[in-house]
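The structures considered in this document are given below.
Okay, so subunit A shows up in both of these, paired with subunit B first and subunit C after.
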Partner chain A sequence: MTSDEIIARLTQKFGAEKIQRVKPEGVPQPVAIVAADTLRAAVKYLQEDPELDCGYLATICASDFLPEEKKTKSADGQEKIEKIPGRMEVAYHFGSYAKNHRVNLKVVIPSRENPTVPSIYSLNPAADWFEREQFDLLGIQFDGHPDLRRLLMPEDWQGYPMRKDYQQAPEWRGIPTSRENSHDLFLKRLAAEEAEEAAEEKLS
Partner chain B sequence: MSVASVSSSGEEMLLNMGPQHPSTHGVLRFILRTDGEVISAVEPDIGFLHRSIEKIAEIVTFEQFMPYTDRVDYLAAMNANHAWARAVEEIAHIEVPRRAQVIRVITDELNRIISHLLGGVGALAMDLGAVTPFLHAIRERETVNDIIESLCGARLTYNYVRIGGVWYDLPRNFADRTLEFLDHFEPALDEFDRLAGQNKIFKERLAGVGVVSAKDAIAHGLVGPNLRASGVKYDLRRNMPYSIYPELEFDIPVGQGILGTVGDCYDRYWVRIQEMRESVKILRQAFKMLPDDKTIKAKLPSVLKPPAGEIYVAVEAPRGEMGWYLVTNGGPKAHRGRVRTGSYAAMSAIRFISRGLMIADLVACIAAFDTIAPEVDR
Partner chain C sequence: MAGQSLSKPPIHVDASYYSPIDGGIVLANVDEFLAWTRANSLWYMLFGLACCAIELMQTGGPRADLDRFGAVFRASPRQSDMIIVAGTLTYKMATRVKILYDQMPEPKYVISMGSCSNCGGLFDLGYSVCKGVDKIIPVDVYVPGCPPRPEALTEGVIKLQEIVKRDRYLRRKVAA
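And now, the complex of A and B:
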């Protein structure tokens, strides 16, 4: 089956208001936008239906979209500012080895504050670390995950590094997280050496 | 002695393994809960090599990101380069010239051979206490390193593949040198297999250890040789073909249960040995397919701006499916790039597979899954 056919099956099963097919112009793969409350049912159907059989979860990818302003000019020359609120998206890529087909699913979370999606860990064990990593790096709360801890970053790290507005703290446990530019350090050392030489000359 | 025959004293202890441990293949720590020698739970503590390559992908342009992909998997940098190049080419609709396609297949397969030699079979033997096979593997790898050095100047992090093609054309005697190496390598591989694979101790250390059924392999997301060792015949080069792979003739080795159980550590070793033989076959064919047309790079706009959207594209790397989930916003940089690697899934699966194993078998398991820490942490 092609991705389009799989998405058509999902739409047929769950209705067009729950599953929406999106394919921007020029992009080769379609994406099914799934309502958060249908995600678990859709994944279950995807994995258990013998014709779909998508038991392989390739990856979970969350992405962060900051609020933005889009300027558009209408026909009469008036500038219009359209405000797009920030959002988070969590994308899933499923596949089937036996049927050799693939499909992208996506959940759009309308807010960047405390984003939550249902966990699919109990349906697919491969989701465990994928979900933990997205929680770690982007702060997505996977509702129903039994052990949602940081995976890559230290457990007491503040903030979510992959967010677009992430500001790194100057230090962590007394270790500075940035260091001076080596070029600046070199110039500083040269200046110090010159000053020392000048002082020695003065003495002699 | 099988695990079942070890009597349990009922006293458990926590044991730390790593972050600096000769068998962890990089900086990686395990916390083991053991009852004597028998493991009851394993928690891999990863992240020591986390360089946030995915964040860097958002900061630099598509072309500038290529050297970073080397560091995703430094044993198979060509395949990692290829994965990124293909992801961008797919979404930006770039047609790669035929000569570049063939060169990519040649470098991919050369890289697959040396990656399997070092990580898949060489280090496996060494982790089991056999140092000699490792040195044999390293000796063969050295020749390929020299060959690839003549191609791109680098021996480990190649940065050779470009979006829309490759960096340089093959040097003058590249084909001769490679074919000469292949003639030498085939008997050398047989010798290696006799030396390590037919050794009684080696066999007994791997037979029936860390068995993964086909169903579990799919559920835990194992890919590549680890998946095929469990009996699932799936290879992206054949099932979702890219580049010139559809025109090539090669077999996909699948775990046979040679020592009794399908999907044990010995099957994983065996699949990798067979894959190297297939790579040799592919290389011999690919050199005959090199076209005379010397174009090696497609004409690209000075600033590459793929359309806004998202895409998942994968290639078959030595450690299995390496795929990029790429989110673009119409600009010259990726909005989000997420790389899916084979070692990551294998490491997360080790927690489930290693229950009930002995500590020494866990070492065999880590090595037989061919996990390397940079690919786990990225």
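And now, the complex of A and C:
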């Protein structure tokens, strides 16, 4: 089955308002945008239907979009400013070894404050560390995950480093998180040497 | 040959070959002697963190052969004289480096191997990488390179030997 056919079946089952097919330009595969409340049902259907049989969860990835303003010119030359609110997206890449097909699901979270998605850990245990990774780096809460801890960063780390507006704290447990630029250090040393030479000249 | 005894012939030694001091006495400064012995028996703790670890293995292997300098790897900090930090040091690992360094017996030395552990290197602007192992523990020798070749690390060990030979450990007022 092609991705299109799988998405068509999902749409048939759950309705067009819950699952939409999107195919951005230049992307080889279409994406099914799934409403957050249907995600678990859709994943269950994908995995348990004998014809779809998508038991292989390749990965879960997520992305962060800051709010932005888009300027568009209408036909009569008037400038329009379109405000696009910030959002987060979580993408699930499912596949089937037996049927040799794959499908991508995506959940769009409309807010960047406290983003929450239902966990699919109980349906597919492979989601365990994928969800923990997205929680660690982007701060996405997965509802129903039994052990949602940071995976890669230290447990007492502040903030979510993959967010677009992430600002790193100047130090962590007393360890500075930045180093002086070597060029600045060179200029500093040069200035010190010049001052020393000037002082010596004054003495002589 | 027939008829000749198979036992070894007696060794005839020219008395002028040996020093006039009888009994093989060596006169040396205790400090220097200790430093000399320690410099030629630098056991390093394995601490491969990234691709530098591959070069570290090469350095320990038969071609570069770090064993020539009495440097062999140990898997335990309690048996090590020095630690070669080889690779990218993340913040999560940084706390572990500190613990392991504290477990090593005095006197102890540190070689920082490669750009990453020297200053963060390629990951200078990364959020998860510590900008140099010298922010955690004192470093004696920095080996530049990404990763350094086995010859460079061998040079680093020789430089550390010079440091150890200069060190007067017994006269240290406070253990570093």
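Operating definition for what follows: the second predicted complex is superposed on the first by the 192 of 204 C-alpha atoms of A that agree within 3 Å, B and C clash if a C-alpha of one lies under 4 Å from a C-alpha of the other, contacts with A are read in each partner's own complex, and residues count from 1 in each chain.
Going forward, contacts are C-beta pairs under 8 Å (C-beta built on N, C-alpha and C of every residue); 3 or more make two chains touch, one makes a residue touch a chain.
Small disclaimer: the values here were computed from a predicted structure and weren't measured.
By the touch criterion defined above, A:P50 reaches neither subunit B nor subunit C. More residues of subunit A lie in touch with B than with the remaining chain of the pair subunit B and subunit C. After overlaying the two complexes on the shared chain, residue contacts for A:G77 are found with neither subunit B nor subunit C. Once chain A of one complex is fitted onto chain A of the other, the partner contacts of A:T59 are limited to subunit B, with no touch recorded for subunit C.
Using the contact criterion defined above for the overlaid structures, shared-chain residue A:Q168 touches subunit C, although it does not reach subunit B. Of the two partner chains, neither subunit B nor subunit C is touched by A:P146. By the touch criterion defined above, A:T177 lies against subunit C but remains apart from subunit B after alignment on the C-alpha atoms of chain A. Comparing the two interfaces of subunit A, the one with subunit B and the one with subunit C have residues 152-154, 161 in common. Across the complex, subunit A is touched by residues 91-92, 94-95, 119-120, 124, 127-128, 130-132, 135-136 of subunit C.
On subunit B, the positions that touch subunit A within their shared complex are 46-47, 50, 52, 54-55, 90-91, 93, 218-221, 227, 232, 234, 239-240, 306-312, 314, 321, 323, 325, 327, 335-336, 338, 340, 344-345, 347-348, 352, 377.
Taken in their complex, subunit A has these residues touching subunit B: 23-29, 31, 55-59, 61, 63-65, 89, 91, 93, 97, 100, 102, 104, 106, 124-126, 128-129, 137, 151-154, 161-162. By the touch criterion stated above, subunit A contacts subunit C in their complex at residues 152-154, 157, 161, 166, 168, 172-173, 175-179, 182.
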